[in-house]
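Structure below; questions to follow.
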Amino acid sequence: MASYNNAQLADQIPFNRYPPWVLSKLRPQAVDLIQRVYRWVETECIPAEQIMKAQVAENRWKTAPLMHELRKKAKAQGLWNIFLPNHFKESPGLTNLEYACCAEIMGQTYWAAQTMNCHAPETGNMELLAKYCTDAQKEKWLRPLMNGDFSSAYSMTEPDKATSDATNVSCRITRDGDDYVINGRKLYGNALWNEEMKLYILMGCSDPGNPDVWKRHTMLLVPSNSKGLTMRRNLTIMGYDHAPEGHGEYTYNNVRVPKENVILGEGRAFEIAQGRLGPGRIHHCMRLIGQCERAYELALLRCKDPRKQPRGKYIGQFDSNIERLATMRLEIDALRLVVLNAADTMDAKGNKAGRYVIAQSKILVPETAAKIVDTCMQMYAGQGLTQHTPLPEIWTYARFVRVADGPDAAHRHQVGRDQLKLHEATRKRHEAYADKARELRKIWDLETSDGELDWEYVPPVAPKL
Amino acid sequence: MASYNNAQLADQIPFNRYPPWVLSKLRPQAVDLIQRVYRWVETECIPAEQIMKAQVAENRWKTAPLMHELRKKAKAQGLWNIFLPNHFKESPGLTNLEYACCAEIMGQTYWAAQTMNCHAPETGNMELLAKYCTDAQKEKWLRPLMNGDFSSAYSMTEPDKATSDATNVSCRITRDGDDYVINGRKLYGNALWNEEMKLYILMGCSDPGNPDVWKRHTMLLVPSNSKGLTMRRNLTIMGYDHAPEGHGEYTYNNVRVPKENVILGEGRAFEIAQGRLGPGRIHHCMRLIGQCERAYELALLRCKDPRKQPRGKYIGQFDSNIERLATMRLEIDALRLVVLNAADTMDAKGNKAGRYVIAQSKILVPETAAKIVDTCMQMYAGQGLTQHTPLPEIWTYARFVRVADGPDAAHRHQVGRDQLKLHEATRKRHEAYADKARELRKIWDLETSDGELDWEYVPPVAPKL
Amino acid sequence: MASYNNAQLADQIPFNRYPPWVLSKLRPQAVDLIQRVYRWVETECIPAEQIMKAQVAENRWKTAPLMHELRKKAKAQGLWNIFLPNHFKESPGLTNLEYACCAEIMGQTYWAAQTMNCHAPETGNMELLAKYCTDAQKEKWLRPLMNGDFSSAYSMTEPDKATSDATNVSCRITRDGDDYVINGRKLYGNALWNEEMKLYILMGCSDPGNPDVWKRHTMLLVPSNSKGLTMRRNLTIMGYDHAPEGHGEYTYNNVRVPKENVILGEGRAFEIAQGRLGPGRIHHCMRLIGQCERAYELALLRCKDPRKQPRGKYIGQFDSNIERLATMRLEIDALRLVVLNAADTMDAKGNKAGRYVIAQSKILVPETAAKIVDTCMQMYAGQGLTQHTPLPEIWTYARFVRVADGPDAAHRHQVGRDQLKLHEATRKRHEAYADKARELRKIWDLETSDGELDWEYVPPVAPKL
Amino acid sequence: MASYNNAQLADQIPFNRYPPWVLSKLRPQAVDLIQRVYRWVETECIPAEQIMKAQVAENRWKTAPLMHELRKKAKAQGLWNIFLPNHFKESPGLTNLEYACCAEIMGQTYWAAQTMNCHAPETGNMELLAKYCTDAQKEKWLRPLMNGDFSSAYSMTEPDKATSDATNVSCRITRDGDDYVINGRKLYGNALWNEEMKLYILMGCSDPGNPDVWKRHTMLLVPSNSKGLTMRRNLTIMGYDHAPEGHGEYTYNNVRVPKENVILGEGRAFEIAQGRLGPGRIHHCMRLIGQCERAYELALLRCKDPRKQPRGKYIGQFDSNIERLATMRLEIDALRLVVLNAADTMDAKGNKAGRYVIAQSKILVPETAAKIVDTCMQMYAGQGLTQHTPLPEIWTYARFVRVADGPDAAHRHQVGRDQLKLHEATRKRHEAYADKARELRKIWDLETSDGELDWEYVPPVAPKL
């Protein structure tokens, strides 16, 4: 019944990349969808990369005609909004695990997810709107987003604050009559300069004096054409403008939105933020793995490129490069296991319980991915850094994800602090070992004076400092 | 029905270490066995470490009385030979995945596996004997090994040859009447000095001139008390003698064994060797993960040891150590995913198809494990390298596994060479991209002269060098 | 007498960065020049970075008015061509060591060297022209370059060959009457689009069938306005166009230059190439160290930026960042020792004998520098990759130097192959140890049978494979 | 005049390892001494390693007869106490730089320094006694130490405290009549079990309540045969007992020493400790570099060992190993530059001003050295961890130095905290850049509104948190 029993299938890309336990969980309809996504990316996206680049070059801040066409075509084929979780009636009902497989494939080309309306930040925004907005808000904003009529951005980072700790967000929201008035500066968020960008979901501080720091912030729906909202300039990432979406530096100068534009209610931003980021991080990470596969294939191509034979040998005949291929292959596959397990854990236990595995992906994948792509670039020698391959853009994306949603140190601190909470239980287990050890010494008649002089690695209870 | 639905269980060690997909595959009897192994190691092994050390110190090359007692006790409880695959009638029938969970637990104490007769090299040897020996051979050697009456070793490495490439094995086997006569030198293999060591499974070269290199070698059963077989001295590992089993340097000086002692037949050593190492590598790796968990717990203990407060703070209050904890936690869990997936893949596809995932474990786990344990040692500062904790022995074990069964570079080369075989298929896929790209240029009316000048990253077909 | 005895001086930037042995070698006139270069970069270059960027943005492939002005001003102050070695009459007579100190300072801003006519590739080109050209060639090309009237490029890399092994250069040069005719494609070399670019020094293959591979190649002086020479497009480096100099993709389509434009003579390219690269690599490396210092200062600034306080602390109060600062400081200073020693070795023994130390700098500096700058970027979190700091450009420069003049693996191979030549001498020394050891065993009456059985780590003589 | 002008000399080991600036600073008498030390180690120490091991094996805690003989012989040749600084009349007057060259040579064999009475901890102890003791104390303890009549140890580390922060030392010293009474536990310090060990220089806490933490501690001369002083057991380092000197666990149980045994006076331990460690750290580091050279030579031997040819090639024909050789060579030479520069800086500016360069050596050398030796071990595959080569002992020494005198994190923190002090000066320099930049904008008529919106990377003054 299930397609994964089909041995022939399991030998084909992309299925041959999945471990058996994953193959066995892919339902027939998912297998079918994965195949269609794969064909879509292989035939419609990867070969079109240079066309897309040429069209964007011509009209820097306008969505390319090719993108419009591909989106129309993908939608017609049902390759649209496939990321949507079950609670949407439009959802194809993929599990996180199944969608993760799709996301990896989409990752192979930077903009492939967008052709299927499955790109960041739209996916996170749509989930947020679906979960927390009123019906009226949904009608106005969610429906056209799902329809692909316009695009949206998420606006949290600030230039003057350490917003990786979101309690520092300080863009000021004040109530004035039936309006909210916004003043402050923001970074990132997609570029206003693209005329399809219609909506910013803004996190700001509405009640700075609230003794409960988790209730000081509010989220608002801000139309991009609001008076007083200006995009100062494009924010580049390692020099790339990432047009026509890109990032921006924004000034909110007495921007007014009607009070109906508040999401969930004043002071409830953290309730909303909590639920937003999990799945998106997994999508980012799976796309990065797709990018790694892409980079890896380019390295493999170079290994036996007859035009490139230093000292009379293919570079793939140098065993140092053979070791590099092996190391990359092993690491990519290990990363995939980490992310697929995170997706599956979210399926099994929910996003909240998945916090640790999401962090695991978020921390391990971008750093290792950047290292892998860097190795691929180096194997291309002088050409590796040029536009002759997509490697520099792939590297930049991996490097970017290391700082997106907070630098990895912030995530590591969270994991490490959680681990420290296990100290006391661990100490108790070791105390039990020590008790039993003392008992055994008596039984075996070992001089007990030992215990007094030896240093014991079971520490006493740690008083609160 | 299945125990893993029991939420309470899933929150307890060791089950809380397993990902959901693994929990869902553990059958009730396996869950029960894992729990019993866990209790066994926690209460009978870890607390007894110093007793074991003291007894071995007294009588360096004799199995400790405590070991004898624990083996008797474990056997009585049915914690015996549990590694055995299904084809043994004594097998408890664990899958590779289920047994891997047990192996991790055993790993926490160096010798715990031995209390259950599940230690290397016995496990590999028993499988080999079961698979390739005649009934008479089995009766004489396999039965007592399974019964725990004596122990055995595997003898392949040589001091004068690069035996990581086993075709180089040159210890000479010649037929003389009804005997085989052996001459040569071997390294490793457990120590003859321990009187319970009764059997060496020797790989030697019986037909050096055979044009088929895979048919030059033969395996023999060599009783340890054979005349002419001497152990020159103990071979230390980073200074550890690893008594009372340890390793040895051997001389075979006209050692004679009856022709009945040949396994499978002359020239068939490679047929046998092929099947031997897979599961053993997974066991090694899972035990290493158990050791990492042990080392990690010691690091965690140190983090809030009130006796150790440089500059007035627990070392766990320094965020550099918080980051170290996080990094180690994430890496241990990622390694576990790799090995559990390897075990599961072997369950799904067999040992042979599992070659890649076994190599993945073999290459990634020991290196990372050694690094993790090194970090733990460093967190103990001046005490970290002393016998105050088991950390130096744990590190040494991890380091040892990096060279056991061949250095990791040899395994990487194998993986890398296999990867290079994908070159041509990959190249063809890229050629298809290029064809499609040319088509698209026409459609979108992009000046085709571009194509002529741009460097194409699809290389031409690589002629065989 | 000498300024370096002035303790006050030794405490000031940049002198406090130099070790005592370097300070003691800086002659008073060099100290004076270093100070002037330092003030120049501090007051005229670093603060002008954004102006330069704005002017280039306006007129992408034209040298900025500010650059023209600064060059005029620097020249007037005698801060011009200071890289020139002693054999030039215009040379200020700096040693390699002294100039290396200047180069570090210039490195702090990408284009500062250019204001002093000390930038790559001009410096290498001028040395080449001075060393190998006829008086007529010098008059025509060297004089205006030294005067700063136009600029030049070096053209060797090709898209279709592994030109890191320069014997692969295949751009075809044929003699036709009184002309050389050139056909082929080249990468890199500064952009033809900048109208001040007047001269390419081209390496091509004039005699592909010559049995002596070192005599197949020729160097030509190629005016940039030669008919048939076209720049296809700008070659980007990690997305940066590096305008207005930048790099290019070139086509030589029956380009003709008069036979007078040959340098040194047909087939003598390797004689010329040999001497060219040494000092330039040291300059690159010292500039990179200046860039590291710049990046480091930015990291230091961030550490106590009161606007950025995640969890209520400066990021410099997290001890993980304190460790990062320390690690970077130690590594930058170690790299500086490596490069200054290379410069000093070239002073003492000449460029040729300095081959190893030049390779040491070339291999160690760019890789570590890129890692250091990456750490600085990460300390800036979300802003670290944007144009808010010069860090992304600094990182890109360091990354670029890792592939410029061949990828570091090529240089490592050269060093490693040279090392292998020491095998036999080393083996002999160990044989002498073994002889002496045997003697000692007799004297101390140690059972000599040991020697027979032990594995000896002195290998026999290695036959040529 | 000076030998270093002799080109032939500069091509010989060990002189060919030194950079020109070092060669030029070696005075003829130092060159002569270095040559003699080199010959001594080459002919008397390295070949005798196995004899030494055998003798120690026979009589574990007794100085070997060979050691006695070698010390007598070395002393007769004037290779004795050569580490002594100028202020000793017995000093050969070597600079730190010159002695560092000797120390590297000694490092090649673990115990070679001891044959010349130049080993740790004697060297540090003798300097301490010479600097801070009364004439009577010197007569009793320093003279015989210098004469080599007995040995001494330094006793500071404690099992129950974080003594890497020495203010935590808590071994209790109380005054009772004309005696000091000592109670507490100590770790490390050489083993009492060796009968030549006569003196412990003990740091303890005599005034725990003193508000000035730097005046709470006292140093005492404690004869090893003091009543109440017991060595509980040998403290192993990665399993090595390091007999016959080794380390110990000590109990001080009402140990009494006469008040004459106080060094410098009560409460003055920190005055003494300050000056002790600098040169010793440099010696350790240079010896480590000698060990790296030794390990490297072994790796080089293996590279063309005809007995070891996996897949039919010397391992030195695999270019991955060629790259490994190169990387190790480059790193060893870079480390040497770091330590030689530290020694030279101490010569130029004194030990105190050398604090940073000493820390630089202490942090960078052991970690990198351990990594290098690990690579060498791995190149020996299965034999690399055994006693077939000295590599495991070399690795262990390097690893040990990473925790000796405090773990490297402690040293990094010190360097990092010092760096943070430069924040404000750096900030001011950047403020000056910004002022100048604003000026330039006016001159070049750049829209000044930019400044208001751009994020400025010059942070405001950081208030004290």
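A few notes on this one:
We call the chains A, B, C and D, going by the order they appear; numbering starts again at 1 in every chain.
Note that a residue touches a chain if its C-beta (ideal position, glycine included) is under 8 Å from a C-beta of that chain, and two chains touch if they have at least 3 such contacts.
These are the chains along with the protein names UniProt gives them: A, B, C, D = Acyl-CoA dehydrogenase.
Nothing here was measured: the structure is a model prediction, and the numbers come from that model.
Shared contacts of chain C and chain D, meaning chains that touch the two of them, come down to A, B. Chain centres computed from CA atoms place D at the largest separation from chain A. Each chain gets a centre from the mean of its Cα atoms; for chain A and chain C, those two points are 38 Å apart. Chain A and chain D have Cα centroids lying 47 Å from one another. Residue positions of chain B touching 2 or more other chains: 159-160, 187, 307-308, 319-320, 322-323, 383, 388, 409, 454-455. Considering their complex, residues 159-160, 185, 187, 232, 249, 251, 318-320, 322-323, 453-455 of chain A touch chain D. Residue ranges on chain B touching chain D, taken from their complex, read 157, 159-165, 168, 187-188, 235-240, 247, 307-311, 315, 320, 378, 381-388, 392-393, 395-396, 399-400, 402-404, 406-410.
In the complex of the two chains, the chain C residues touching chain D come out as 19-21, 25, 42-43, 46-51, 54-55, 66, 297-298, 300-308, 313-314, 316-317, 319, 321-327, 329-331, 333-334, 337-338, 341, 344-345, 347-349, 357, 359-360, 363-364, 383, 388-389, 409, 411-417, 419-420, 422-423, 426-427, 429-430, 432-437, 439-441, 444, 446, 450, 454-455, 457-463, 465.
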